[in-house]
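Chain lettering (A, B and C) follows the sequence in which the chains are written, and residue indices restart at 1 in each chain.
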Amino acid sequence: MGYKTYLAKQVIIYVTVLIAAMSILYVFTYPVIQTVLRKTIQDEALHFKQAILKHASGHGTLNMTKINLEVHRYEAQLISSYGLNRPVYAKYFIQMYNLMTFHFGNAYYLTAPSGSRKVSAIIAAYLPYTIILFTTGTLIVIFAGTIIGLLSARYAGTFWDKLVPTIAVIHSSLPTWWLGFLFIAALAYGIHAFPPGGITSVPPPKNPLMYSASMLYHMALPLLAFTIVNVGGFAYIIRSLVISTTKEDFVVTAKARGLSDSRILYRHILKTASPAISTQVALAIAGSFAGGLTTEIVFNWHGLGWLTYVAILSNDLPVILGITFVLTVILLLALFIDELVKGYLDPRLKVGE
Amino acid sequence: MSSAETGIKLYLNTILKNKSGIVGVAMIILFIALSIYGMAAYKNVASEWNNANYWRTYPKVAMPAWMIYFSPNKIFSTKTFVSQPKTLYSSSSYEIVQVDYKFKWNKGSAPSDVVFYVDTSSPIETINIVWKKPDGAQVTLSQSSPSEATDLLSYTSSLDSYISSQIGYVPPRVVASTLSKALFGYEGKGLLNGTVEKGTYEAKITLVVPPHTKVVANKLYLEGNAYGIFGTDIYGRPLGIGILLGLPNALEIGFLTSIISVIGGVIIGGISGYLGGKTDSAINWVTLVMLSLPILPFLVVMSYVMRPTLLMEALFISFLVWSFYAIIARSSAQSIRKEVYVEADKVLGIPSYRTFFTHFMPRLTPFAIAYTALGVPAGIILVETLAFLGLAPPGLITWGAILNGAEQNFAAVNGWWWWILFPGLMIILVSIPFVIIGFSVERGIFGGR
Amino acid sequence: MPPILSIENLSIHFYTPKGVRKAVDRVSLELNKKEVVGVAGESGSGKSTLALGIMRLIAPPGKIVDGKIFYHGDDILRYSESEFNSKIRWKKIAMIFQGSLNGFTPVFKIGEQIEEVLEVHEYKGDFKERVKELLKMVELDPSVADRYPHELSGGMKQRAFIAMALALNPEVLICDEPTTALDVITQAKIINLLKTLKKDLGLSIIFITHDMALLSEISDKLYIMYAGGIMESGNSLDIYKNPKHPYTQLLMEAIADINKDYIKGIPGFMPDLANLPSGCRFSDRCPYAMDICRRKEPELKKIEGDRNVACWLY
């Protein structure tokens, strides 16, 4: 099939995947959220009742029937606004439709720093901090990891080659958040070289330059922990990709016609392996948004991961759904862009092989 | 390729021939042995792990004992003293029993806490302690209806008034070590500055008890600030025991999630790549759905909502993770299919399920082995992360939970480095052999082709 | 006139966990100017390794352990790698590979790759003109230069590769199974092309294949290889008419002939090159094996004219 048809097909697949993923999440969180909502409504109704009683107490006899009626009406209003009285599938379809049109609704309990209760505002307030920290870190890891991976393939059998599996072992056995915790204890509280957490110093500097400097200073430790833990893994992947490409036939013929080893590696092999590398890059970048949850908590870095945790502990379902939606969209978008990039890099794909 | 070449024996050999492979296998055997030992030797301890009372007499947030070597004056282990109880007075309604301790204190710092342990056959009605310092100064502590073990925090009110009488105010955050400084320091404004009066101390304990009460046992604990191989946490629980008991849980979950997800993933991915066509597209779509669920947030949600048991947790993680292995298995199956298809087409006609199991599965076995090995540390880290966030199956001793305690109790600020370092090191240590084995099998796959 | 390429006692061993594979075992070969030397043998006989050895492309765990390769009198095995790469490889001795291999890098255009070869070897002259010239030589349309390898058919790819091989006007062309994966008609076309090129450019060719019928068409001289060693060598026509070595005889019989109503194969399998039998390496499959054959290895010796045979029958 042609390349354009392939792309269109991918889009359809991704959209359906998105819906399916969100549905799964919805199914898993539904029962408890219902219970929580009911309890919230009861609490709010109680508060409402108390407020009325307090207000009415100075005005003579209390007409309990009337008051109860009012409370009951209020409760019904709440039930309706939270959608509890509708059948399951109606709620589900409404929720899915809203999600797909990017209407995340209002949060149950959380608010954005600006005061808005809209989920989209809340997410938008905290998402940039995750990008600043983790996407930067991921880009560093990708850059350094690719260089190390290439060097280890180029100088097979020497120091570089032995280095990569060793640091890859680090990657697979060490949680970023623990290293971060250790760094905080040692480098922030032990020797006071770095701040122990937060995004900027408190109170944040007004001057934009000072603000950025403060933020960079606060990024140092988490970035360090993140990079140390992850660069080995990425380097290992790149190295494996390059090595397996090296086994292909055209490498022998390239050598046969007199091309130098570095020329073969940095032009022929790299370009041939670039589609696969591009996929890894896409996955790494997409993963950087969700993966930092625990690290953000350890460093008190108020980004998307931290928000996820807070939202879960607060049972704030709209926010949870909104965040999961955003994360999934980012991933699928990354994969789609990757398909485009691969099409550009590998001429075999454009013709629809 | 003969079946022997692709068999498991070859991979065991590949692993064992490699030096690091041997180390890896040896480490795993060691860990399994440690787990068994831990479960057997400390079985009753495990159930008492969350019982604060059990650990009363242990020093709190003590450093590892081997730190004593570095600074024997300032770092020391718990000193205990026993005495002979004397019945001073006895009547029909109550008795007065006295337990008197005299001891020398020559260390450069005060104990982290003092614990008075008196085990009596009937409950104590009141306890009164007269604490005499070497220079003659005295402090009186009293408490009514005390439990059999009381530490300085039980006498906070008495000690607070003593302290404020000396320095003029009550210190804001009162921990046991501060109170202990008060008992061992020179009176005056500098009571809490940490200087210790060296010499002979006396602690005269007077108990009012019901008639005919026997003192079964008594002990005075001058809590050290060093204990055990890895120190203790804020409840006095030796981290060595915690780490040891966390090992079987970690291994269990690691193995379970790894085996389930890898085998499941490899079979599903393998079948998908093998069959091709519409089935492949469908399975691939399902795999993509699973992949796009962000793992940690999803796990956090599920753990928070459902509070699963160990087994369920393993199943959850496997449920989210098998898709990674399915993808790899699928692309391998596709390239195998290109090779084997030619043979299969000619010899066997239409590929059948038997072809799948005799031709494909053996070729996929090396991947399964490599990724089972690599999957164990991934599972362990995932579970410990959940435990760190406070979401592990309750009652389970895990290193993540220990680290959670460290975080909640501001271990970083307080400089209790052992609480942070050792549980984390364990995670790394346990993961290393699996990663080594996984890598060496992976290298075997690539090298052999 | 002395041979332009003379291989003396070349041995190439592979050090594997299962043992030392003697892929090429004391092989000697001579190539004269404008000659086509055929190297024949079954799969795994070591023919391709020999070719890679001449090009000095043997990679670990393989190693050239012994022997000399004289090109115009110089032992090119003694050259340093950079010397060999700049003076000999592709400039004087070029190679075309098995037709099924991906000889071209998939992500670059054909023209780009040929130009790259010209650039790396510091070709003096206009690159684009030369590419056009080369493509014409192999009877390809010049537009092929703008195509990617996967856009070409097998036959076109092979022609393009031949064009790239001839880019620097080499004297020697090694052809390793160049037509194996192609259909019979394309095969014939490629062979004809090679014949034309040999005539027009004065090439000396080493042609490696297992296809005996093919060699009968083009080779002047023939070397029969088995399990790493040369079994028989001599004038091609003579060998076809009168094969001396039992292996050669069986090979000739195995050629499908429209006049025969059967195809005869050779029973048994080639021995494991790490565990060669003692004595003659063909002894366990030879219908005429004698006692001495299993004990002592026969030397390749001249029996008449330019015919050499390694067999105790002679």
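Simple rule for what comes next: a residue touches a chain if its C-beta (ideal position, glycine included) is under 8 Å from a C-beta of that chain, and two chains touch if they have at least 3 such contacts.
Please read all numbers here as calculations on a predicted model, not as lab measurements.
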| item | value |
| --- | --- |
| Touching subunit A and also subunit C, the following chains | none |
| Most heavily contacting chain pair (counted by C-beta pairs in contact) | A-B |
| Whole-Å gap separating subunit A and subunit C, where each centre is the average of the chain's CA atoms | 57 |
| Cα-centroid distance, subunit A relative to subunit B, in whole angstrom | 29 |
| Centre-of-Cα separation between subunit C and subunit B, whole angstrom | 66 |
| Interfacial residue positions of subunit A with respect to subunit B in the complex | 13-14, 16-18, 20-21, 24-25, 28-29, 31-32, 165, 168-169, 172-175, 177-179, 181-182, 184-186, 188-190, 196, 240, 243-244, 247, 289-291, 293-294, 297-298, 305, 308-309, 312-313, 320, 323-324, 327-328, 331-332 |
| Of subunit C, residues touching subunit A in the complex | 52, 55, 57, 85-86, 89-91, 94-95, 97, 101-108, 116-117, 120-121, 148, 150-151, 161, 164-165 |
| For the subunit B and subunit A complex, residues of the former touching the latter | 285, 288-289, 291-298, 300-302, 304-306, 374, 377-378, 381, 384-385, 388-389, 403, 406-407, 411-413, 415, 417, 420-421, 424, 427-428, 430-432, 435-436, 438-439, 446, 449 |
| Residue ranges of subunit A touching subunit C (in the complex, touch as defined) | 248-250, 252-260, 263, 268, 271-272, 274, 345-348, 351, 353 |
